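Paired with subunit B in one complex and with subunit C in the other, subunit A is shared by the two complexes that follow.
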Partner chain A sequence: MVLFLQSLINGFLLGGIYAACAAGFSLAFGVMGIVNLSHGDFVMLGAFVTYWLFVLLGWDPFLTLPITLALLFILGLFLQKLALNRIAGAPPIMSYLLTFGFHLVISSLALRAWTADYRTLNPTYAGLNFNLCGLVLPYSRLATFSLALVLICGLYLFLYRTEMGRAIRATAQDGEMARLLGIRIFKIYAVTFAVSAAITGVAGSLVAQTFVVYPQMGLPFTVTAFCVVVLGGLGYVPGTLFGGLILGIFESLATTYLTAGLSLVLTFLLLLIMLILRPGGVFGKGALE
Partner chain B sequence: MGKGQEGKGKRGKDWKRVGVFDKMGKTTEREPEMKMPRNWKRQRSLWRWGVLFSLLPMLFILQGKGEGAEIDFRVGFTVPLTGAFGKDGGLVKDAYVFWKETVNSRGGIEVQGKRYPVDLVFYDDKSEPQTSAKLMEKLITEDRVDLLLGGFGSSQIMAASAVSEKFRYPLTSGAASTLRLFDRGFKYYFSLLGKAPEEVRGCVEILPTLSPTPRRAAIIGANVPFSADAADGFKAYAQKIGLPVVHFELFPMTLGDYNSLLSKVKAKKPDVLLVGSHSLVAIRTVKALKEIDFSPWGVFFSYGPTVPDFVDSLGKDAEYIFAASEWTPNLPYRDDFFGSARDFYGQYVKRYNRSPDFVEAASVAGALIQQQAVRELGLTPPLKDPDREKIMKFLYSKRFDNFYGPIRFAADGANEIHPPLVVQIQAGRPAHVFPPDLAEAKPWFPMKPWKTR
Partner chain C sequence: MKALSPNKGLPVFLVFFLALAALPLLGVEGYRLRLLTLLFLWVSLAGCWNFMSGYTGYIDFGPVAYFGTGAYATAVLMIRFDLHFASALALSGLICAPLAALVGGATLRIRGAYFAIATFAAAEALKQVTLEGDRVAGFEFFGGSHGLTLPAAPDSEFFYYLLLGFMVLVIGITHFLEKTKFGYGLKAIRESEQAAELSGVPTFKLKMRAYVLSSSLIGCLGGIEAYWLTYIIPDDVFNVMRTIQMVIMTLLGGMGTVWGPVIGAGFLTLVGEFLGAKFVYDYLTILGVVIVVVILILPRGIMSLMKGRRGETV
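Now for the complex of A and B:
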C-alpha cells in the first residue's frame, strides 16, 4: 500500500511539472493553430537561465523565475514578429517546418555555447525531503509542483479575467470576427506566443530543479507536451493540468507495477486511444473534438 | 611544336577563315597576329585564362595530395558530439586531439628515420549508429584516411566497425564493449577494453571483501547495448558468488524521471544497487536516490562516475559512489612515448585542466598501438590495403605494454588481459579501491545515508 501511495505521489508531483511544460504549447495551438515543435527548447532555455544565474551569481533557483519569464517573453515576441507572423493563415505544415527550424537553430546554438555537458542544480536544499507516514516527499518537487499550479492558475486568470485575455480568447474562437470587432490580431498573436514562451521558460526553470540540464533536453519535453495537451484537450489550457496529472500518474504506476520500458509504450497507447475515442481530450473541449 | 607547324594547325585555319590574309595580301608571320580582329584576341585571351583556371585547381589538388601523401598520416574517426552520448563522445575526441598534438609536437610519427605528422579528420555522428556508418564510409572513400580510430558507444561503433571491416581498415576502439561487437567474426576490430560483462566483474568481486557483507543486490540498467550487457554481467557475477538478486530491470534511455523506478527497488530493500549505465543515467540515478531517500550500502555503476562531469554536477552527493574502471593513473604501467601512467595523467591534466577518464586513456592507447604498428612495420603514408592488412596482423601478433597497461587481442578483437578495476568517488575524485594489490585507497563502506550527510 505504501508503495502504491508513493508511486501515486511521485506521479502526481511529476504530472504538475508536465502540466506546466505543456500549458504554453496548448496556448499557442489554441490561439494561433501553431504546433510548436521548438516548445521543448524553450523549456531548455528556461532551465539554462536558472542554471547560469544560480552558478554565476549564486541566485536561488526560485528567484530566477521572473528573469526567465522576462527573457523568454522577449524571445517569444521576437520570434513571432520575425517569423511566425509571416506565416499566419498559411497551411499548418508551414508552422511545423518553421518551428522545427527554430528547434534545430536553438538546440544547435545552445550546444555550441554550452557544450553537451550534463549539469544539475545543487542548492543546499536539493534532494531534501520529509517523511510522512512512510511516504517520502521531496521539498523541491513539492515547491515545483506548487509553482506549476500557480503558473497554470495565473495563465487561466490572465485568459479569463483580463482584457487582453479576453481578446486572446476571442481571437482563438474566430480571428476574422475578432478583427472586425477592432482587435489587432497580429498584436494578439505576438502577445500569445510571447506568453507561451515565457510560461514555458518558467516551467523550464522548475524542471532544472529536478532534471538534468543539457542542450538537447528539449525534444522529449515537446513530445511530453504534445501527449499532455492531447489528454487535456488540444488548445484547452485548463485541461493541461489534468492532462499532466493523468500522464504523470499513469507513467508512475506503470513503472511501479509493470516495467519502466512498458510505461512509455503504454503512455503512447493511451495517447492513441484518446485520439481515437476522445480527440477533444478528457473534457471534450479540445480543438480536435 | 614550332611556328611553322602552328600555321598548319587549327589556329592557322581560323586566321584564313576570318580573312586576314586576303585583306592584307601579305604572308609574313607577324602581320596576321598584329591585325587579328578584336574578338579573336578576346577569344584567345579567354582561352588562356580558361586553361589556367582549369589547371589551377588540379594543381592544388595534386599538390595537396602530394603533400598529404608524403607528409601526413590522415587519421579519421566519427564520434558523438551531440545527442545522448555527446558528452562522453567529447571525451574521446579530446583524447585523440591530445594524442595528435603530442605526436606532432615531436615532429610526427617516426618511420624509418623520417617524421610524418598526424592530421585528424573527424565528424559528429550525433549518437546515431546509421550516421556513424555513413560518416565512416565518407572517411574511407572520400577523405581517404590512412588509419581509423573508434568513437564512443557500442551502438555507434557497432555500425562504424561494420564499414571499416568491409574496407579492411583496422579500427582500435577504447569506448565500446558490448558483447555483440565480438561475436561477428570480424578481423579488423580491436577493443582496448574488455567485454562489457567482464568490465563490471570487479564491482561484484569486491562485495565479499566489504564489511558488512552485502546479502541482497538489485540490478537495473539502461536498455542500450553496453549498459544492458553490463547489467547482465552484474547478474552473472552475482550468481557466481552466490549473491541473491532481488530485483533486475532494464529501462529505456528515454526515461527521464527515475523516482518511481527506484521507489520500487527501494521497497525490495537491497543492500547494494548495481547499475548498467552511461554518465547521464548515473547522474539521474544519484539525484533520484537522494530525492526518494534511498541509501543502500553501496551503489555501483558500470560507467559514468569516472567522467569529470559526474562530480562537477553532483558535488558532494557524488561521494561514496563506486564505478567500474579499466585504468587509473596510480597503476604501474609505462611506455617510451608518454612515460608512466602518472606522466600521461600529468600531461593530460596540463592540456585540459581536468583528469582523463579511462575511456580517454584507452582511446589514446588504441591510437598509440597503431602508431607503433606503422613505425615498426616501416609504413609511410599514403597507406594501401596491403599495409593495413599488415597492421591488422601486427596487432594480433604480440602483446603491447604501454601507459594504459597490458594489451593482447583475442581472436574476436577483445583485450583479453586487461584487469577490471573499481574506483570510488572519495573527496571529489575517483580513487582506485579494487583489486587491493593495486589499490591506492580503502573503500568507504557502507555509504553514509543521505540524511546524515
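Now for the complex of A and C:
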C-alpha cells in the first residue's frame, strides 16, 4: 500500500513537471498549428542555463528562472521572426521539417559545446525530504511541482486576463478575422512562440533540479510533450495540466509494477489509443481538424 | 511530370537503367559501388514514402516502424529459423503487410498532425518492443540493445543489383500511379478528402492500399539493409532520423511527383556522404542548416526549379 501511494505521489509530482514542459507546445500548436519538433531542446537549453549559472556563478537554481525566461523568450522571438513567420500558412509538414532543422542545429551545437556528459545539480538542500507516515516527499520536488503549477496558472492568466492574451486567442480562433479586426497577427505569432519558448525554458530549469542534464535530452521531452498535449487536448492549454498528471501517474505506476522499458511501450500505446478514440483529449476540447 | 511522358521518357529511362546495370561490369567497385547502392536504397525508401504520403497528403512520421520490423524479421528468420535470405525477405514483406493494415486501419481515420504523431508513436512503440522484449519475456530473441548479427553476406554486387531492381520497381509503381484511377484517387484525397468521398472515391480503401503497399516495400528494404550490413540494433533501424531523411529527401525533390524522391534522395545522399566525410563532428549541424535554408528558400522542392513554374502542390 505504501509502495502504491508512494508511486502515486511520485507520478503526481512528475506530472506537474510534464505539464509545465508541454504547455508551450500546446500553445504554439493552438495558435499557429506548429508541431514544434525542437520543443524538447528548449527544455534542454533551460536546464543548461540553470546548470551553468549554478556551477559557474554559484546561483541558487531557483534564482536562475528569470534569466532562463528572458533568454528563451529572446530565442523564441528570434526563431519565429527569422524563420517560422515565413512559412505561416504553408502546409503543416513545413513546420515539422523546419523545427526538426532547429532541433538538429540546437542539439548538435549543444553537444559540441558541452559534450555528451551527464550532469546533475547538487545544491545543499538536494537530498532533504520530509516523511509523511512512511511516504517520502523531497523538498526540491515539491518546490518544482509548485512552481510548475504557478507557471501554468501564469500562462492561463496571461491568455485569459490580458489584452495580449485576448489577441492571441482571437488569432488562434481565426487568423484572417483577427487580422481584419486590426490585430497584427505576425506580431502575435512572434509573441506566442516567444512565450512558448520562455515557459518551456523555465520548465527546463525546473527539470534540471530532478533530472539528469545532457545535450541529447531534448527529443524524449518532445515526445513527452506530444503525449501530454494529446491527453489534454491538442491546442487546449489548461488541458495540459491534466494530461501531464495522467501521464506522470501512468508512467510512475507502470515503472513501479512493470519495467521502465515496458512503461514506454505502454505510454506510446496509450497515446495511440487516445488519438484514435478521443483525439480531442480527455475533455474533448482540443483542436480538431 | 509532363516533360517525361511515357513515350519520350521510357527510352531515356531504359538507357539510364542499362548504364547503371553495366557499371559493375565496367570496373566500378569498392567505395563507389557501395555509395551507389546506398543511393538506390534511399531513392527506394523516399519513393515508398512519397507514393503514400506525397500522393495522399497523409504525412506518415513512422515509416521506420516497417523498416525496423523488416530488418528484424529478416534477421530473426535467418538466424533462429535458418531460412534462406530470399524466403526470409519475402516473409518480412508479408509480415509488414498485416502489421501496416492494423496500424493503418486505426490511424488512417485521423488527419493532419494527429496522424503524424500517431504513426510516430507506433514506430517508437515497436522500437521499445525490440529493445525490451527479451528482458520482459525472458527469452533470447531480439537481442535487446546488443542487436543481432546476421550470417555473412554475399559480395556487394549482389546488393547493387538487388537495390537497383527495387529502385526501378518503386519508380515504376509511382509512374503507374500517375496514369491510373488508383493514383488519381490518392491525389483526390490530398486535394480534398471530403469532396473525393462524395464523388464516389473509396478513400479509406485507397489510403489503406497505398499504406500497406508502401509499408511492405519499406519492410523489404529494411530486410535488405540488415543482410547487407549484417548487424542491426534497434536504435539504428528504428531511428527517427531515417524517417526524417525520407521526408526531407522527398520534400527536397518535390512531393507527389515521380522524380522528386529520386532527385531529392540522390542529392541528399551525395551531399550527406561528402559532408559526413569532411565534417565528421559538425555534420548534423550543417544538415540542420541545410534543411532550414531549403525550406525557407525552396519550399516547393528542387523539381519546381526544373519546371520553371510552381511545383505540384504539397
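Just so we're on the same page, the second predicted complex is superposed on the first by the 288 of 289 C-alpha atoms of A that agree within 3 Å, B and C clash if a C-alpha of one lies under 4 Å from a C-alpha of the other, contacts with A are read in each partner's own complex, and residues count from 1 in each chain.
Keep this in mind: contacts are C-beta pairs under 8 Å (C-beta built on N, C-alpha and C of every residue); 3 or more make two chains touch, one makes a residue touch a chain.
Being a predicted model, the structure only gives us computed values, none of them experimental.
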Report for A:R141: first if it touches subunit B alone, second if subunit C alone, otherwise both or neither. first
Does the superposition put A:T210 against subunit B (first), subunit C (second), both, or neither? first
Under the stated touch criterion, which partner chain does A:L14 make contact with: subunit B (first), subunit C (second), both, or neither? first
On the A-aligned overlay, A:M1 touches which partner chain: subunit B = first, subunit C = second, or both, or neither? neither
Classify the contacts of A:C133 with the two partner chains as first (subunit B alone), second (subunit C alone), both, or neither. neither
Counting only touches as set out at the top, which of subunit B and subunit C does A:G261 meet: first, second, both, neither? both
Touch check for A:P220: first (subunit B), second (subunit C), both, or neither? first
Touch check for A:A113: first (subunit B), second (subunit C), both, or neither? neither
Under the stated touch criterion, which partner chain does A:L234 make contact with: subunit B (first), subunit C (second), both, or neither? second
Which residues form the common part of the subunit A surface touched by subunit B and by subunit C? 259, 261, 264
Which of the residues in subunit C end up touching subunit A in this complex? 59, 61, 106-107, 109-114, 116-118, 120-122, 124-125, 128-129, 131-132, 135-136, 240, 244, 247-248, 251, 281-282, 284-285, 287-292, 295-296, 299, 314
Listed in rising order, subunit A residues that touch subunit C in their complex are 29, 33, 35, 83, 86-87, 90-94, 96-98, 100-105, 107-109, 112, 219, 223, 226-227, 230, 234, 258-259, 261-262, 264-265, 268-269, 271-272, 275-276, 279, 289
Of all residues in subunit B, those that touch subunit A in their complex: 81-84, 86-87, 89-90, 223, 249-252, 254-257, 259-261, 263-264, 267, 279-280, 283-284, 287, 290-293, 309, 312-315, 317, 450
Would you pull the subunit A residues touching subunit B in the complex into a rising list? 2-3, 6-7, 10-11, 14, 111, 115-120, 122, 126-127, 129, 131, 136, 138, 140-141, 210-212, 214-216, 220, 251-253, 255-256, 259-261, 263-264
